[in-house]
Amino acid sequence: MNTLDALLLISLLTALASGLGQGHRLIGWITALLFSLQFVAIMVMGSLGYGGAVVEASISLSIFGHPVSWRFDGLSWFFALITIGAALASSIFAAGSWAEDYRKHGGKPGLLQFAIALNVFTMLLLLASGDLLTLFIGWELASWSSLLLMMVAGGKAKNFALRYIVYATGGAMAVLAGLGIIFQLTGSFAYADLAAIAPSLSTLQIVSLSILFVFGFGIKLGLMPFHLWQADAYAETPGPGAAFLGAISSRMALFAIAVVLVQLIGLVKLINIEIPFTFLSFRDLLLWVAALTIIFTTFTALRQNDARRLLAWHGIGQGGYMLIGILLLDPLGSAGGLMHIFNYATYQAALFLAVSAVIYRTKTADLNQLGGLVTRMPLTFLVMLIGIIGLAGIPPMNGFVSKWLIYRSLIVEGMPLLFIATVIGTLGTILSVYKLIHNTFLGQLRLEHEQIREVPWSMLLPMLVLSTVVFVTGFMPGLVLDWVVAAQAALGIPQVAHHLGGIESAHGSLDMIWISGVLFSGFGIGALLFYSGNKTKHVHQLDNYAGGHFLTADTRYHYTNNFYAGLMHYIGSWYRNSFQWLESSLVSVVSLLSGFTQILFHSFHPALFLLITATLSLYFFAG
Amino acid sequence: MSIAHSQNLNVLLQEIEGIQLTFHNPRRLRADIAAEALPALLALLRGRASYVHLSAISCVDWIDDNQFELVYHLWSYETSVLISAHIRVPRDPGIYLSVFDIYTPAAFFERDIHEMFGLYFEGSPDMSKFILTEWNGPPPMRKDFDSEKWVMETFSWQQYHPDWLQELEQQGGGIVSTPESIRAGNRPMENKS
Amino acid sequence: MKKSDLDKVKIKQIPAQKRTNPFANVFDEFVGFCRSRSMFMLHYCTGCGAIELPPAMTSRFDMERLGIQPMVSPRQADILLITGYVSIKTLKRVILTYEQMAAPKYVIGICSCTVNGGMYWQSYATAKKLDEYFPVDLYIAGCMPRPEAVIEGLQQLMQKIKANEANSWKQYYKNYDYFLGNQQHLFGNNWQTPTDVIGEAETYQLAGPNTLGEHTKILQSVQTPLKPLEMKL
Amino acid sequence: MNETFLTITEVIMMPIVAFIIGLFMVLMMRKLAARIQRRIGPGVFQPLYDIVKLYGKQTQISHGLIHDIGIIMAVGGYVAAVTLLPVPGMNGIADKGGIITLTYLLMVPSLGLALGVGQCANPNGSIGISRALTSMLAYDIPFIIVIFGVATHFSSTSLVSIIAAQQVGGFGTWGISEMPLLALAGLFALHASLGKHPFEIYVAPAEIATGPMVEMGGKFLGGLFVMQSFQLYAASVLYVSLFLGGGENWVTFLLKCFAVLIIPFAIAYLFPRYRTEDLVRLMWKWPVMLALLGIAFVMN
């Protein structure tokens, strides 16, 4: 039994244990313990992250004569590390006081733990896939298990989860069709066979294959125009579950796209395919889909008044950055895209957990119902602060480094409009994350929140650890870049030259150790200047300038509603909900058609109807 | 305004019993009526004569008659005529009816008069403090309230007697009007003429 | 409390103090000089006198060459300019504004109305002697004083600040009971501002024997607490 | 080891130099405003007096720890950012960052200020911040296009090599003569980023009581004054490095730096201000068009 076997076994055990031990009071902690065992197992496989040899699972099956095998390389290890890390943090968060509170309000924390464990197991199977058939099986398992996680909350969440599965089924069909084409071409599902015939594929074959795979996998990623399902479904999932889903779940699509499109088919072919009557190559089209995903979803997030939805919408947009990075194919860009997956997972999980902590105490995530919590939950505030600096991509957090790599690569590649699109996304993110932290933690503390306290340690610990990771990997991005380089090697793309502090390049480098160092010395000087003045006296929040008005506690003196009123005066009319409209009209068409068929079936002779169908299908198959 | 209109108005207003009409000029009409008849007059003017704007309610304290006079200023945008309806109500107990149901803006005027004169309007939506939120004394616009006495009791004064003033006083000058002289009515200007 | 009792409290001028360390002395003098050369004023435009300030600020007289600038919020300002009669209702706001300013702070009463009520001397609604309610550094009489007079007054204040004599703001902390008493006399015993003046006096060692007294006792018995929201884990 | 020591010395020297130059830039701004309005204006040391006075206030009112930290971040962020801006004889850590890093590092002080203002619990401040962030969204888009154009033209994101490339052939190789459209768009963005008229909607003294500064007194306001002088310095030096060939020596460098600022200042005091949405509309129209046109020339 090798390390991969052990990892998969522990993972299965986790799922089984948490599934069987539903009622037990300590099930949360047991699951968390098993998750940490998985974490140890993935750490034992650490050499993979530094370019170690591929690990093959000793078990392999065969379905209809096609071998189904599992193995881990640098890329799988990188994704698996993030998956297990996110699951561990979520699981610890959900194990202690949170679970008690959740149970008190009619939830089933055991079910949530089970759903997370099942997700991890299926995702590991997906990540370990050694051929296309295994990939598809893993993909489907992961899809359905994330449906389970989304449905844990019940109620409204069920509707959103069902909406997801409608999309996901469509995606699965596309992937299946793609596999069908490949099987016809190669006669096997092995990676090597596809890679071997890839150079000889015709343009039409490549375009149809890539469209099918990008469509199929992109639905999970929330690529435009299939982005509508994700935010609602993730936001309605209970806090830790949302953290797990938001951090990693939809990134499985990136793994699949990277494997199929980049590793096997080869992006270079896509670059060479020109789209008729435009200046764009086929890859540019994909890049633009990703860029539009960034802009549209980020500016949708700007309008959200629910903290969880705001984060979930950002999650979709950040996926666009990763896709752009991976599709860029040059060492800097692909490193940025891959690194962004890690970085994003760390701060998104931290942010979702922080929001869950706020909900745990205040019972609301409505950004117009909160405010001033920094004095009551300072550590949660710190976590959220670090998280939003990461999400916005501002130094010295890790989000900046990966975005820097993507920007840098877009400049080198000479793609001005895409560069502008990504920066617009970043600026929109800054606006909306400030709204998030301002409306929850800053400003006036509401009367009903005067008595609340910081969340317990079981919830604080994962948040603090995650935000430490956000900071440390921002300070020393080389730690993550090592793994990224291993993943790049596994994908067979050129590897980025890096050191502990960042990137060394003749045309502009980045050294985060120096930059963070200078930044913090700058803060030191700022503090020195500040404390050279006389000591401060803290005043009550109602001792405030109000044009001579006497403020009282029952009057809200906090600006939250329609936070960017001036901007919305201008761009507000641009929000037309076109995609909502498109989706609902599609639904209408489908329901109309089904109603029509039903009428046909019922009002005419059913036997006649069956006869017609049978004749038609006979004609189709025979002819 | 045409004479025909004023005659029409005259005829219309004769419906109110005991009304006395005085035209100061064609666009300025004074109506003296009994206090009980005022709501009927206002309803008439608003409902049938286009006087939709109650521009103010003023109050006069006739302390010798022991009466308050209330003046309702009504304005018609169509004919550009101002009618002032005058009524008298006794100072004691100082209660009158609100016309809030006929003219909504009356609420503010009535609240103000209540604050300044202590006249209570029955049926007015809000009779709480309006402008003088800090005031706890008697209604200050009543004639029997001696503002100066109250001021003397409440405030102290800046001592200000600089050298140049002392010099002037030595030359027989100085401050020419004192509070006492003003109260007696002999203003310095009048003395000189 | 009767009016006559309040008058008995006498306010002593606080003499300018020098530190013993010569370097500290030089430093104090430098800061004092900077204070005198940089005055941010908050003009509380209560009455007609405010109309004389724009010419004083703009091209004709140009206060900025003396380092005087208008500011809009009490937190930023050094000088509170009260430009005209102060009704009792306004006085509450003036006191609130004064307390929100950061010390050292100075008050200038412009126009005769701020001295003795001016032409409103008989009015039941106008406060008469402003320095009963908070310390006033300087009055500029006139109805209204011209911009030259305003600038002249400001320059006098400048000289006082430079000589470290403009310390009236300390009076407010040291004799808070007296000022509060006068305020309560007008506004009633439920009077309270959002600023914790006593706490400030204690924090900055500005409290004196007359900071606390019978009036502050009344205040402390009725006030809603002003403790800042401290971070707690 | 010697090199590290030299870098550290430069990193210490650069903020000090920047602060002093920045003070004179503030002075120039106020003097220029005064002259345009036919006034005499403040004395030479007025900016210094203001700062010393504000730090020397006896009572200092704070709304909590984040209020303090906000000001520390605002000042500290700029102290750090100016070490990424090469000046004659001193490169600091410019080769460790580059323009993209600098652009994002300059957001740290804004973020700090935004946090500090948020903690004040004053809606005027929050409205000011929401407007400031909106205007940042407005002027950063043309600015970032300009950055892209310059980086593409010199095929580098390092300010040191951009300056070196410009100094090769004198005026003919300066960014402004090679990329005049980008330089014009950059000037627009520079003006808006300074937050002076007509782009000062987020301060709006008569309407929202100076917005972000509403609850800032004493050393808090003093910190903002310090920040302002750094801001003027950073903006002008960045522009000089991108388009005016950086500094060959200190004389020409200072001349260029002050000359760049004269243009926005001279325009600023002639105008009232735009509303937020009009600001966004303006910035997304003309400078963006100019910059895109400029990029089209650069890319060919």
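Each chain carries a letter (A, B, C and D) given by its place in the written order, and its residues are counted from 1.
Operating definition for what follows: contacts are C-beta pairs under 8 Å (C-beta built on N, C-alpha and C of every residue); 3 or more make two chains touch, one makes a residue touch a chain.
All of these numbers come straight from a predicted model, not from anything done at the bench.
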item	value
Neighbouring chains common to chain A and chain D, by label	C
Farthest chain (mean CA position) relative to chain A	B
Higher-contact pair (C-beta pairs counted), C-D versus A-C	C-D
Inter-chain centre distance, chain A versus chain B - centres from mean C-alpha coordinates, in Å	72
Distance from chain D to chain C - Cα centre to Cα centre, in angstrom	37
Separation of chain B from chain D, taking each centre as the mean of its C-alpha atoms, in whole Å	61
Between chain C and chain A, distance of the C-alpha-averaged centres to the nearest whole Å	58
Interface hub residues of chain B, defined as touching at least two other chains	none
Per-residue multi-chain contacts in chain D, two or more chains	56-61, 64-65, 209, 214-215, 218
Residues of chain C whose C-beta touches two or more other chains	73-75, 92, 100, 200, 203-204, 228-229, 231
Chain-chain contacts as defined at top	A-C, A-D, B-C, C-D
Residue ranges of chain C in contact with chain A within the complex	73-75, 92-94, 96-97, 100, 193-196, 199-200, 203-204, 224, 226-233
Interfacial residue positions of chain A with respect to chain D in the complex	371-372, 374-375, 378, 381, 385, 389, 392-395, 400, 404, 407-408, 411, 414, 416, 419-420, 423-424, 427-428, 430-431, 434-435, 437-438, 441-445, 507-511, 514-515, 518-527, 529-530, 532-539, 541, 543-547, 557-559, 563-567, 569-571
Touching residues (chain side chain B, partner chain C) in the complex	131-137, 140, 145, 147-148, 150-151, 153-158, 160, 179
Contacting residues of chain A [partner chain C, same complex]	372, 374-376, 378-379, 445, 453-454, 534-535, 537-545, 548-551, 553
Partner chain B, residues of chain C touching it in the complex	3, 6-7, 88-89, 92, 115-117, 121-125, 127-129, 132, 185-188
